[in-house]
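Chains: A, B, C and D, in written order; residue numbering restarts at 1 for each.
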């Protein structure tokens, strides 16, 4: 893995690190992060003008508005992958072209629609996570393009990171403006 | 296709019929149905008590609450299938076990989470539909289990039907109670 | 009371008529109307473009957007008047200049903010109404400018009418466009 | 003003202090606080169980749920007082019995209704505040029971404090549980 010249802009909270072990503290922390993301995101984006929402978080990167809509699309996929893993034996999930999706016209909608989707979806994710025993945390799916096997436990850690990762794109950009 | 003894309970607005042709009137009608479903659904379910939400719409069928959560899950998949069809060449989508999903614990959440998801998702669906030219309406995906090819145009007609189909499960059940 | 030349535009569902008696059917009907108004309103306004929202429902009247924001302001006052009547002995409420309020800059906000306010407020109104015994329905407040005494029962009938009255301004205007 | 034995529980961020001067920094800070309160509040209360929501923040005080509903009622009044001050010359506003209101049955509703009301209302407050020139900030209303004249500027500072004051009741209570 090569560090990129704009590594700090791309990965403001660092890259995702696979947990070395799964403890109840880690689960509680991931759940808490996922539970609060929609409101923490809303508290930030509500401060932004349209012009600010249409600013990229790094040269050549997505606009802040695209970041919000991407979170909704990505976590919609997350919820589905959890349910696929619960109802099928080690399913192969359907990857999607996140760059292509971000260029569709619905990414120019006001952010409210995606904030609502996130509020709803994260409640479902959390209701599921909070009910899991060890067997359920260990159910898994295959991401066929990455060739990676994800347990639900691993994916929960990853989506918690992913929540804060993209939120940091927004808050780091806002800090630049305040200087 | 065999008619079932409880056909009128299962299919209160009739089974889905594939459109014989796609006209701008049909598109406008489908879009209007999809645009208004979340609010029409909210206007009905807001009248229901918890006990009513936990009643099945037919013997052996889902509860009204499961119907609401199913709509959110199904239309989340719908939105994704549209985007997959737009960004890949005739992709094969990932089916899901809707009966299995309906038995997961998140289907016991209050309906508000799924009403929010539907409000957000349908705005995205409509923003996409309203932007389409003929080439985009004709983009397609394969449902590998059913062996059916869906153009986006066909799927729009189907999801409009699906919206009213499940809403009718709720409103028909409510009519029984008023007798 | 003089009928106005544009009476049908001003009063599409007719003027408010004071109920001759208060029955449990009337209460149930008023509550049902108030319970569903926010979603029925959302189902209509979601169909409108910005240009349509900025159209007046009659020459010299409010725009459809102003009508939506007025409903939020008016029913916020309604909720407060109920609570004042419950917690004080026949209070005199504070009237407000609804024409003046409609010219403030917040009436140019997108309608989403007022739809959310209405969703929340109507839930509170309904929770209160559904709990009332006869003594509570008969509690009252004075509207000092109109010199009218309102029981909560009368105000419930009036706000149910008021809900459908303004919704009809919107739906009647939309019918004109479809011709 | 006598300090109370449970002063730190009652006033976790201290009592409100009238600003000595009104600067653009103060206005920006108040607006920012008011803009983000609904989402910051949602991010906290979403973590709470029903049992936790029904816990008081101090012996003899309101439950956390009552605190949330009180914020909605209080800030509804705040929005109205701003509009009264804008559309009338130094109006006398209608006080309300906040303890009496907190004992009404709608305060036992789930918090979602009041979170929505707050999301909508704060958008209106902020749209107004952000449009004000000095003359508008200086418009005023009389609180007849307290005998206090409030300029809109003073009330903005007060409602910013009030937002964080009640949010701190919730977050301070949560800290106790984590010990």
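Quick note on the criterion: a contact is a pair of C-beta atoms (placed from the backbone, for glycine too) under 8 Å apart; a residue touches a chain by one contact, two chains touch by 3 or more.
Heads up on the chains, UniProt names are A, B, C, D = DinB-like domain-containing protein.
Computed from a predicted model, the values in this text were never measured in an experiment.
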More than half overlap in residue numbers between the two sides of the chain C-chain D interface, or less? Answer same or different.
same
For the Cα fit of chain A against chain D, please give the angle of the superposing rotation, nearest 5 degrees.
180
Based on CA centres, what chain would you say lies at the far end from chain D?
B
I'd like to verify one number: the distance from the centre of chain A to the centre of chain D, where each centre is the average of its C-alpha atoms, in whole angstrom.
32
Computed distance of Cα centres, chain D from chain B, in Å:
41
Measuring from the mean C-alpha position of chain C to the mean C-alpha position of chain D, what distance in angstrom results?
26
Can you tell me which residues of chain D touch two or more of the remaining chains?
112
Okay, in this complex, where on chain C does chain B touch?
32, 35-36, 38-40, 42-43, 46-47
Using the touch rule from the top, collect the residues of chain A that touch chain B in their complex.
72-73, 76-77, 79-80, 83-84, 86-88, 91, 93-94, 96-97, 100-101, 104-106, 108-109, 112-117, 119-121, 123-124, 127-128, 131
